[in-house]
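Heads up, the next two complexes both have chain A, just with different partners, chain B and then chain C.
Coming up: the complex of A and B.
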């Protein structure tokens, strides 16, 4: 640039210092405050839910105390309420459905992530499991009432005739009951377990797999001793999330569980869950029944909250450093 | 190294095995067995989807007709009729829910990514958002019942479409915030710096640069959230309730397809059961279409 002896004359007027007008500053801070307020809505709603359910339940808590959890009376005439049957049903249906869904879901996730089948087939399987998650639970409930329950009835009858002497199967299956509810819950939580397990398995570094093959193991040797242990924290977290979902799942279970408040150890008998009790009775309840239902809702919230927090803790605690 | 004897091929320490694949080996048989079990599990996992879709297509599809969308459901015991009010009701309630949850959710997500310093408050909001996502859907119905329905805040109306929409919005909110937050995090920091460099204010940067750049993931998440909300029943049973008539504004009880399916499935009348299947068909088609739309939108991000 030495040849250019005369530098272009700068026009001083072209470079005036532009100050931000007050209106622009106002918009800027206003938007910041607005977004802060919108983010706070989450906290407000969450605290509001706890507050509403807790204040609604206060009357029942004062009347029934902790014996609400252990008594099974649900008697609107004598205004005596206990949620034992519903709590028992919630825990039994969700835990047993988990027991069935975990092997199915993790097995499917392994098949999707391992290159056993052509990629097209694996992608199609993954897509179908995702679409299963999109089916509304009320549609699954309708299907359970009219298709699944009549179809599996012979199998349940067989279970009763073979294992009728055990307390688990000592009633005659008469349609809606705990067993069909457990099966429909399996259908509902399978996609969650599969999706989370698949993501967890995909995140296992390729080097671990290659290392396992390098020392001469087989595919399943690598899966059981290297890949699954490396992914176990995320899979367990996903399983806990699915447990939370299963406990709070309402519609499909309500439609197929039979909504009976008589306690029975049999899985073939009708039962109840907290969520289905709420769905059935909340609209028509009044007086202390509303409060008792709110109390049950509070118990359900605490249960799901504990499970969800436990899920987070497990993911943090169990994660391997590789 | 105690001995110096060289390695003897064929010695007892290293028994010689062929290097070719031998399918009769125990480990290989076990391998095949386990692979077959995994394949069986996967087949069982996708079986319900096929069966549900099949029955919904067959049972609901054969009832498809124009009158289904233009007529009201019949009184119990009578034949015919349609689900017109429920289709319209689902659209109205979902629109109310979207109108509430999308601005709040996107705004909250913008705060988390663009404004917060990841201090205790934003940590609190993030964790609270995860907890809210885990709250059972029926609880959000109980919440809205306690806040809106039983207090009659909307012009003395108890059950209303607006209450149902708010209950669904509570369910959509965590998803919208989460996808906005994650979508904005993917926007390269250089884009923001570039905008500040040419003199844009923070507001202009967010509105003109960051949000448009993150449009694809946000839109995908929002569409999925809407699809999920459209199929939700539990929060609507005692907020939006049901109505056998055409929608009468958002401050009156309203029919929705999901509640119609629930109510009609447990009725002992053939005509009602059939309408439940028809409503399932319409609902499942809408939701699958929304899911495919979301996939289509998200395919743009890979360009």
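Coming up: the complex of A and C.
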């Protein structure tokens, strides 16, 4: 309590910036314009790429039309092109790799975020997943050719001998093919799924977790009935991003998929993806073949764009308020 | 200074008995040497300044502290003849018999109906679920607000309604004891009043233990009141909580036997 009886003295003159000078306001405006300019660079680059690819593809679009998507001829001699095998390969490899990587990645994320194991083990696991993301894809491709594929060959042989009567496994595994490409894609998208799922699970409010235990749930009950449903929107978004990544992945896939344009339903046979086809043929292509490759590139861009828009939509649909 | 005051208990059934309970976070003791016999079928309030360990003790009563890494409890917490910290006791079973309402309303991201049905289902409820949902919501005085939107998300309710939904969720599993950790601290006075009315209703069937910072609330709802305080210890870094006095609410607020209690309930601190 103050014992001073005189009224407190206002000391407004001591604050010199009650009125902001024009120069400072100018800085504000300038900063806003600068941010706008920097942000629009991204948009301009994106638009530019789209325009270039589209212009390049125009000749092929005019020549082949939509039958480009449904035919699988790739014949430079007769100048007849169709990207069906590559589109099919892109979709099959990315979707199947997702099918394997989602349970693995979400499972790893649960393990890292829940206190099932000692903290040291969890931290080490998290670190290893992050390091996995740091391996260049060409290194993974080499590893796939020289280590992984020979190692899993017996398993693929077994699949062929047991399930050879189904269309999915009716060719003899001879080396590069769709199956090893799918597995290498799993390795490549696992970190993204794990990292995003881990962040999503970490963001589930602690109160929700406690509420679940408070009504007497077991750990399983809490994870599967409360924590995962609360995190599902962000996890789905991450899965969609991973799908986009898997569709566009080039180097490792090119090295292990076999680059064959002959259509086969068998996962053990060599195949092609749009990305690997582009990487393989750009060097020696000319004339309408370049245009056909541009057309394939355009299709790939549209596919990834659709996936990303779908991801945003799903995240918005599923997201919850807390 | 007297550490604990063995409360002269009237002849009553004891619901939970704390016997020399000390709870620590790592090496740091949060609250120590608590003895108390919490009576059955009554409302018991824990009051005291921040950091005195009253919430910690409350969470120790249904083993919620197990979820905090490094938190450990010494002593015995006897409920229904067994020490709930005995090695062969499953904490999940303890929590099914001793429910909890938290400080912040935390409905599950599910429909209102599912919020209630979830707990009942995992407790193996075999009866009529619709009826249980309605009964629980009615008991928690939130049925009128919810009855037309049982299929909507529990998160769509207002804060006060969410908290009563959480009370309904706790009631639905028909626990023997309901622990409430400052259930009204995030609510406006009207919602608070409704929840207090709910508590009066509930103590006919349940034992309620509530932590509150609001002394008027303790006076309004509690039959028994425990006053906790914290004191600095020699050589320690923080303060350690302890139970000062535990008696009928009347006595705590009008004729406490400890000077510290007198100072706290009349608003004179330190």
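Quick note on the criterion: the second predicted complex is superposed on the first by the 283 of 322 C-alpha atoms of A that agree within 3 Å, B and C clash if a C-alpha of one lies under 4 Å from a C-alpha of the other, contacts with A are read in each partner's own complex, and residues count from 1 in each chain.
Keep this in mind: contacts are C-beta pairs under 8 Å (C-beta built on N, C-alpha and C of every residue); 3 or more make two chains touch, one makes a residue touch a chain.
Please read these numbers as outputs of a predicted model, since none were measured by experiment.
In the superposition on chain A, A:138 makes contact with chain B only, while chain C stays out of contact range.
Put simply, more of the residues of chain A are touched by B, taking chain B and chain C as the two choices. In the superposition on chain A, A:221 contacts both chain B and chain C. In the superposed pair of complexes, A:210 makes contact with chain C only, with no contact to chain B. In the superposition on chain A, A:115 contacts chain C only, with no contact to chain B. By the touch criterion stated above, A:247 is placed in contact with chain B alone, chain C being left untouched.
Counting contacts by the rule stated earlier, residues 218, 221 of chain A appear in both its interface with chain B and its interface with chain C.
By the touch criterion given at the top, residues 62, 64, 67, 69, 92-93, 95-96, 99-102, 104, 106-110, 118-119, 122-123, 153, 155, 166, 169-170, 173 of chain C touch chain A in their complex. Residues of chain B touching chain A in their complex: 27-28, 30-31, 34-35, 37-42, 44-46, 48-53, 55-56, 59, 103-105, 107-108, 110-112, 114-116, 122, 124-125, 128-132, 134-143, 145-147, 170, 173-174, 177, 199, 201-203, 206, 227-228, 230-234, 237-238, 241, 258, 261-262, 265-266, 273, 276-277, 280, 283-284, 287-288, 291. Partner chain C is touched in their complex by these residues of chain A: 115, 119, 205, 207-218, 221, 225-226, 229-230, 320-322. Considering their complex, residues 18, 20, 24, 27-28, 31-32, 34-43, 45-46, 48-49, 52-53, 55-56, 103-105, 107-108, 110-112, 114, 116-117, 125, 128-132, 134-143, 145-148, 187, 190, 194, 218-221, 223, 241, 244-245, 247-251, 254-255, 275, 278-279, 282-283, 293-294, 297, 300-301, 304-305, 308-309, 312 of chain A touch chain B.
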